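What follows is a set of structures for review.
Next come two complexes, and both contain chain A; in the first it sits with chain B, in the second with chain C.
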Partner chain A sequence: MKLNKKAIIGSGLATVWAIVVIAIILAIFFLLSAVILPFKKTSENVIVTDKFTLIENSESVIALLNTPFEISLSGETVKVPLKDIFILYDNNLVSNLDMENIKPQIKTSLEKAYGSCYAIKYEGTNIFEDNWQTSAYAEKWQQQGEITLTEINLISGKFSFRNLFDTCMIKNRNIENCKMACLII
Partner chain B sequence: MKMKKMNKKAISFAVGMVLLAIAITVFAFYMVFFVSNERIKDIVTPLDLINIQNDAREDVFFIKESANYASQRAVYSVLNEIPMKSSSPYKKYQDIDIWNDCEPDIKKVEEKFLDEFSQEFYSLIKSSDKDIIKNLDGKYVFSLNNNILKLQSGQELEYHTLLEIHAVYKTSVSFEKELPFSLNILSDIHTRSKNAVNTCKDDFDCITEKMNSDDLDDFDFEFTKNGDYIIFTARTKDRFFFNDGTLKYDKISFDYAISLT
Partner chain C sequence: MNMNKKAQITEGWMWLIRILFLIMPLSLAIAFFMSSFVSSVDVTPIEATILAERVDTCFVNNGILDMNDFNTATLKNCYNSEDVNAKLELSFKEVIPIKTDNFDVYWPLCNLKGKDVPYCNEFREYVLVKDGDEYYPGSLDIKITLRK
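Right after this comes the complex of A and B.
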């Protein structure tokens, strides 16, 4: 009977120690998780949600709107920023012929920075007849709704710019890969 | 009896240990679910702020563009009808002001510019589809110092984060705008033109030489002789957006006459 009691005490103590050891292991596990998990969760959160991938970069778009392009006005060649070209075109102050000459310049300027990874739209004018000047690559990503959109209100209307290069950089974080994907030379 | 006592101690020790283990586990869960969520919010908030900064940058761009177009239209308005110092109606030759006995009143010129500018500027501000910009209507103080136009706003633009951690981003909308030339140039044009005609009479080459100087570099001049007068046409070298019934993007010109006698 006495032995039996000792056995009971021994098994009780063993159980208690087992619980303590398991609790300590669990505590260490959860404490480590608490440190590591936030970053893991955040990176998932950032990449999965639209919040991060749709961050605008209005600074570069404003720079684009301020970029001057050469146009012919009353027989004189003048440099006019893109934002003003929209006003001129809206008010028929620049001929269709001149606009046809300006469009390739704008395209070349955009392609230097973004390759084929851009799309632009100007509300209030049919300056770009098909509105969205998209490459096949941009169109594919656009359908997935994953391209950064920046909308700038001008005096004359709304200018929209979709930037696939920035989206690529956020997703791949490799400038060389993105330059290759966007055909930037 | 002794055995029972030992058993109780063992049980209470075991129970204590179990409670301790439960407490540690609860704490660990708390760390995982609460603290980590806090950290996520800390990291997402700056992303939200980046978007807010972009909104602010776009709004400031619109306000600066409004100032840009308003100033161009105000320059046109001033050059189209330059306020003169003479209180009595000054002489005209074929509807052209004769500048011998009158001269541009720079104080009135600046007042007219600021008046026209504020009307145009607020009109463009009110055309915005954003309330935060519309609310700036009437909040500015405008001043002119040579060719620097100061726009001092009594209000900043305020943006609020929509997340649980509330943050306010403020940006100033006070700024300076450089005009293509100082309006004082009208006084220089007046003095230089009178001196040129006094010295050169109707020798256009001589007048051209006299009017060709760095301080009048923002204008081109043409001359014609008409009766006893030299008719000057001053034309800006830059193009401006202005409205004389229809919107134009052109050089602004104005005529004035100087008597040869």
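Right after this comes the complex of A and C.
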């Protein structure tokens, strides 16, 4: 009986200790909540930064590479997809293939969608660049890691595309403002 | 000795109860932290971006948008949800819009502020349009409304 009494007292004390421990845990929990709550308030609107929405869209770049442009072959004007033009150009398969005549066609096509807010580069045997180095903003955004860079490896070189229109959308959140900024008619 | 054994068994049971009492508040605390963290992360912009990317899956194949597939029926199949509404504007020779049934109901609400206001976003991309046997460079404007 004496032993049993001791056990009961011990058990009671252990319960008291358990309650104390639970109280301490709850106190820590409420303290942490109080610390986290102000952070929660400020970050409620945009927790997931908009940078995450800058997703590489290779479909647009594939579309450009599949776009046929006019070139002169044996005195005849034919339309050839851009990716094939690069192959012809790099391998010197066609004489007198002038990339300077193709550049304005690419420009006109891309300007329909992105105005001046794009940059392309093809690193083949002959490096071809359009708008790549000209945009000071592009360099700035590139350093901040806020430009989607899509790279597609072709047979003879790498084609790169910078979408500055998407970057503008992240900054302005208004398509009309971006159309104006990018001079889209 | 017999009594001692009984006390030991009782003590064992008491320990089980104590452990239960410790686990319960701990799991409650963890659950509360998890729920508060998850509810504070607003993934709607990412959701809208992914939904806009779905246009490529539904309409564009290898960068080419076939005019035969560019219709409201395909769009409705693409966004088969009451929570999502979309409008596509394809510009090449002319501007061709298609939209889901309730798009015009939700889009004007975008400028309002409130808990139940839908999230809205716009996207733009370059597409190669196949119209008959001809190919045209074009642009596709995607407007998405997403009920939160």
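Methods note: the second predicted complex is superposed on the first by the 109 of 185 C-alpha atoms of A that agree within 3 Å, B and C clash if a C-alpha of one lies under 4 Å from a C-alpha of the other, contacts with A are read in each partner's own complex, and residues count from 1 in each chain.
One rule holds for everything that comes next: a residue touches a chain if its C-beta (ideal position, glycine included) is under 8 Å from a C-beta of that chain, and two chains touch if they have at least 3 such contacts.
Model, not experiment: these values are computed from the prediction.
Touch criterion met: A:29 reaches chain B and chain C at once. Applying the stated contact rule after C-alpha superposition, one finds that A:169 touches chain C and leaves chain B untouched. Judged by the touch definition given at the top, the superposed model places A:112 against chain C, while chain B stays out of reach. Contacts of A:59 after superposition: both chain B and chain C are touched. In the overlay built on the shared chain, the residue A:15 is in contact with chain B and with chain C.
Touch criterion met: A:152 reaches chain B, while chain C stays clear of it. In the superposition on chain A, contact of A:84 is made with chain B only, not with chain C.
When the two complexes are superposed on chain A, the residues of chain A that touch both chain B and chain C are 15, 19, 22, 26, 29, 33, 45-46, 52, 55, 57, 59, 62. By the touch criterion stated above, chain B contacts chain A in their complex at residues 3, 6-7, 10-11, 13-14, 17-18, 20-22, 24-25, 27-29, 31-32, 35-37, 39-40, 43-44, 47-48, 50-51, 54, 57-58, 61-62, 65-66, 69, 124, 127-130, 239, 241, 246-250. Those residues of chain C that touch chain A in the shared complex are 3-4, 6-7, 10-11, 14-15, 18, 21-22, 25-26, 29, 32-33, 36, 40-43, 45-46, 48-50, 53, 56, 60, 62-64, 91-92, 122-128, 135, 137-141.
Taken in their complex, chain A has these residues touching chain C: 1, 3-4, 6-7, 10-11, 14-15, 18-19, 21-22, 25-26, 29, 32-33, 36, 40, 43-48, 50, 52-53, 55, 57, 59-68, 79, 108-110, 112-114, 165, 169, 175.
Chain contact summary for the complex, chain A toward chain B: residues 5, 8-9, 12-13, 15-17, 19-20, 22-24, 26-27, 29-31, 33-34, 37-39, 41-42, 45-46, 51-52, 55-59, 62, 73-74, 78, 80, 83-84, 87-88, 91, 93, 150-155.
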